[in-house]
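Shared between the two complexes below is chain A, which pairs with chain B and chain C, respectively.
== the complex of A and B ==
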C-alpha cells in the first residue's frame, strides 16, 4: 500500500500568538507542530503499512521551517516526504488543494490519502474536499473508525449528539481523521534519529504554475480575541450564590 | 439586494433554531430558503416569519438521504438555476460537510464557521488559532458559500412572502460514497455544537452517573452537557461530549464549567462563548482568571442549588 498523509505545519495550540503587521503573526519564536488531527492520519497510515507493507508519504505545503514538522511525522514512522515550498504564512484552501494534488500526481498515485478533519490554525474545513474533487476520489471527513477490506473502506463519522453514520466507499479515497481513530504514538529516540536521514523532496510552489494571486479568500486583518479580565466572584452561602447567579444570567446577561 | 440562499436544517419537522439565526444573518437580502428532500409546506410559516421571500423545495432522483454527494449536487443545481450570489448555512457537522462538498464541486469560495458575514461587501469574520484570534476575510469572485457558527447570530423575525417553488433536478449521484447505517447517539439529547447553553463537568465529576446531576439542571434550560478531556479519559463520558482542542468547538450563549481547571486546550474549544461561568472548589483555579462569573464551592452542593433555583 502507498499512503499519502497531508500534514499542515501549525503553531502549537498552547503557544500564545503575537500579531505582526495587519495580517500576519510572529512565527520566529513559537513552537510549531503537526496539526493535531493530522497526527491521527499519520498514526493510522503508519499502522496500516506496518500490517500490509508499503510506504507512507507525508505531503506538506508550507514555509521552509515546516521541515521540523515533517521530521516529527517521520519519527512516527512515515517513510518519506514532499514539501511544496511557499513564502506566505497563509495560502487559501483552493490553492493548497491544487498544490497537494500536483505533489501527489508527480509522485504517482496512492491507495489512500489521509488528512486531518480540519487544521487548527485557519480552521478552514475544506482542503480535503477540494483535493478529492481534483483527484476525482470519494472523501469522508471526521472519521473516528476505519476498516479496509477487499478494496473497500468502511468508516464511521460522528454527526452530532453522539449519532454516527457508517459509510462505505471504494479505494483510493480520502479520509479526514478525527480523534477516536487511534492513539498517536510517541516516537522513541532511535526513531527520531532515523527520521533525520529520511528523504524530503522539495518542490517550489512557483514551479507548479498556480497563480498565487488567484486566491478565493484573503485575510484582511487578524486581531487577538480579548482575554477576559477575570471572574466577578459570587459570594455568600450556597443558596445565595445560586440565587445571585440565576438572577444575573436571567436579568443582566439575558442568556437564560 | 442580492439573491441569497439559506440551507435549511430540519429536525423532526421543525426548523432548527440555529438555522433561524442563519436566516437573520442574511437579513436585508432577497432570501431563498433551500429545503432539500423534505416537506417544505410544513416549515413554510416559520421560514416566512424569519425572512424567506422564496422557499425552494429541492427534490432529486435517487437515494438522496444516503448520498451526501447527491445532496451537494442537487443544491449546486438549485444555486445555478436561481442564480444565487451567496449561500449561507449552519456550521453543524452536516452543514460543514455539505458546504465543503458544494464549494468543491462548484470550485467557488467557502468561508466556514463564521461569527459575522457581510454579504454585500463579501466579508466575513471567523476564529483562527482555536479562538485566539479573529480573522477578517475578504472573499473574491461573484459567488460565495458561508457557514455560520451556531448561536453567533440571534434570530430575529422579519416577515416575508415565503412562496414555495418546486425544483426537481436530475443530477446524477457520482456513486462515490454510501451511508449504509446511522447509529443512534448515546444519552446526549442535544448536539453540543448547536446548543445555546452548555453545562460541562470536568474531572471533579468523579463518576459517569454523576453527570445525571448536570443533566437534570440542563434539561430545565434546554442546555447540553459537555465534558473535559480528563473526564473523558477517565471514562466518565464518551468522546462525543468532549469540549476542547481535541473535542468539539462550541460557542454557546452561556457556558457553565463545573469542576474544570481551565487548561488552554479546554479553552481552545469554548473561548468564544458569550458568557462563561466557573464553579470550582479551588479559589486559585486558573479558570477563574479567564471567565466572567465564578463561584468557589463544591459542585455537588452548588449545582443542585442552581437546579432548585431554576425550578422556582
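== the complex of A and C ==
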C-alpha cells in the first residue's frame, strides 16, 4: 500500500504566541508540533503498512521550519516526505488543498490519504473535503475506527448521542482521523536517528503555478485572546452571597 | 500585626520551614512569611527532591549522609505530627553513580570511605541486571544534538558504578515542606502566606523587622533570608548585606523533562536514581512510569539567568518563561535516549521549568551577615533539597550561637551532626569566602 498523510506544522498549543505586525506572529522561537489529529493519521498509516507492506509518505505545506515536524512524523515510522514550501504563515484551505493535490499527483497515486479531522491552529476543518473534491475521491471526517478489506474501507464516526455511523467506501479515499482511532506511538531515540536520514522532497509553491491571489480567505487582523481578570471571592452566607452577586452583575458589570 | 516575634523567616520552602521548626524547639517564637499561598509552593515544588550522597568533598558527602537519616525516619523527625494533606514519602530506591569521566567518582568513593557511607561497587553486568534497558557504552564527552558528533557511534564501554542503597527521592517535595510547617506549628511557630516582603528594616546597625507589600510592619530582632530564587532581592533590602557578601546569588532557569519508560521496564517500581555524568543527566522514577530527566549542567549547555519575578509571571520570551525550550528538551531526552535506546521520546514535550537560587560557586551560603540579626540560608544551587532538615538544625544553632555572642566570622561555629559522628565547619558556607574552585560548578555541588 502507498499511503499519504497530510500533516500540518502548527504552534504547540502551550506556546506563548507573540504577534508580529497586524497579521502575523513571531514563529522564530516557539515550539511547533504536528497538529495532534494528524498524529492519529500517521499512526494509522504506519501500522497499516507494518501489517500490509508499502510506504507512508508525509505531505506538508509549510515554511522551511516545517522540516522539524516532518522529521517527528518520520520518527514515528513514515518513510519519506514531500514539503511544499511557502513563505506565508497562513495559506487558506482552498490553496492548501490544491497544493496537496499537486504534490500527491506528482508523486503518483496512492491507496489511501489521511488527514487530521482539523488543524489546531486555524481550525477551518475544510482541507480534507476540498482535497477530496479536487481528487474526486470519497472522504469521511472524524473517523474513530477503520478496517480495510478487499479494496474497501469501512469506517466509523461518532455522530453524537453515543451513536456511530458506519460507512463503506471504495479505495482510494480520504480519511480525517479523530481521537479514538488509535494511540499514536512515541518515537525512540534510534527511530529519531533513522528519521534524520530519510528523504524529504521539496517543492516550491511557486512552481505549482497556483494563483495565490485566488486565496478565498484573507486575514485582516490577529489579536491575542484578552487575559482574564482576577477572580473575586464573594464571602458570607448563601443569601448574602446571592445578593452581592446580583449587585455586582447589575451595578459593576452591567450585564443584568 | 500586634504580635511580637523573636525571629522572622522569609520563605516557607523546604529550607525555611525546618529553620522555623528547629528554632521553635529551642524556644524561639518564629514567624515565616511567604509570598505564595502555601508552604513549599515556590522552587521547592519544582525540585526533583533527590536524596543522594555523592559530592566531590567529604564535607558535602557527610552533610548529605546525615540528611539521609532524617528522610529515612520522617515521622519521627516530624515528632509524629499530623498533616491533613498526608505525609511525603521517601522513595528509598538506592542510587547508581556511573563511573565516568563526567564525575570524579574516585574522589566520591574516597569520601564515602572517609564518612562511612554504605555503598557497593557494581560492575557493568550487575548494573545491566538492575537496569536491563541501559546501554552501558561510553558516550563521553557530553555534547548537544546540534553537534554532528553527538550521533557518533560509541566504541568503549563504561566501567561500572557505585551503588548507594540508602539514597532515593521524596515523592512530593512541596508536601515535605508542608509537613515540616505542621511540625513547626505544633511547636508554636506561625506561618503567614500571600505576604510579600518589600522592606527589611534596621536601626542603628541592628535588624528591627520587615514590611510587607500591604504596608504591614512586623518587628523582630532576627530576620532570616530563605527567599530561594528571590534571595538576592531580599539581601538587597537589608542595609549593607548585599555589599557585605563576597559570594552573590542569582536565579538560574532550569528544565527537567518527563519521558515514558520503555514498556517492558517497570521503572516506577523497579527503578533507581542514577547519576550519569557520561551523558550529563540524572534520572529518577516519576508517577506514571515516567523517567524524570534532570541535567548535570555540562559545559556545552547554555545558562539562562533570569529575573525571578518575570519568570514566575510567565513574562518574557524564550528562555525567560516557564515553558520548556525545544533545544533543551531535545538535548536532555536525546542524551538519555543514548543510554536507554528503548526510551519513548514523545513529540510533545512534558516537564517542569523552575529556578535555582544559584551562588557564584554553586555552594550555598549558610551564614550571618554584616547586619547584626540578619541571617541567610541561600544559594542552594539546585543541590540542597536533601540537606534541608540538616540545614534547619545547623542554621538554628548558628543563629542561637551568634545571638549569644559568637564571633562566627572569626571563630566559625563547628556544627556537631546528630546522627553521624562528625563535625562541620560552618565557616565553609561563609558569605565572605573566596569562590571555591573545588566545586563542580553544577547541580552536583
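Simple rule for what comes next: the second predicted complex is superposed on the first by the 233 of 256 C-alpha atoms of A that agree within 3 Å, B and C clash if a C-alpha of one lies under 4 Å from a C-alpha of the other, contacts with A are read in each partner's own complex, and residues count from 1 in each chain.
As a convention for this text, a contact is a pair of C-beta atoms (placed from the backbone, for glycine too) under 8 Å apart; a residue touches a chain by one contact, two chains touch by 3 or more.
The structure presented is a predicted model; accordingly, all values stated were derived computationally and were not measured.
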Message: Taking the superposition on A as described, I'd like to know which of chain B and chain C A:33 touches: first, second, both or neither.
response: second
Quick one: is A:163 in contact with chain B, with chain C, with both, or with neither? Answer first, second, both or neither. first
### Query
After superposition on the shared chain, which partner residues are touched by A:16: those of chain B (first), chain C (second), both, or neither?
both
- Answer with first, second, both or neither: which of chain B and chain C does A:199 touch in the superposed model? neither
*asked:* Once chain A of both complexes is superposed, is A:187 in touch with chain B (first), chain C (second), both, or neither?
replied: second
Across chain A, the partner (chain B or chain C) reaching more residues is B
*asked:* Once chain A of both complexes is superposed, is A:125 in touch with chain B (first), chain C (second), both, or neither?
replied: first
Look at A:215 in the shared chain and tell me whether it touches chain B only, chain C only, both, or neither; answer first, second, both or neither. first
Once chain A of both complexes is superposed, is A:51 in touch with chain B (first), chain C (second), both, or neither? neither
Practice item. Quick one: classify A:249 as touching chain B (first), chain C (second), both or neither. Key: first
Shared chain A footprint, chain B vs chain C, residue numbers 14, 16, 36
In their shared complex, chain C is touched by residues of chain A numbered 12, 14-16, 18, 29-31, 33-34, 36, 39, 72, 75-76, 185-190, 192-193, 196
Within the complex, chain A is touched by chain B residues 69, 92-94, 96-97, 99-101, 103-105, 107-113, 123, 126-141, 144, 176-194, 197, 221, 238-242, 245-247, 249, 253-254, 264-265, 268, 271-272, 274-278, 288-297, 301-302, 305-306, 308-310
The answer for chain A against chain B in the complex is residues 11, 13-14, 16-17, 19, 25, 36, 93-94, 120-126, 128-130, 132-133, 137-142, 144, 154, 156-170, 173, 179-180, 215-225, 227-228, 230-234, 238-239, 241-243, 245-246, 248-249, 253, 255-256
Touching chain A in the complex, chain C uses residues 151, 259-260, 262, 314, 317-318, 321, 323-326, 333-334, 337-338, 340-349
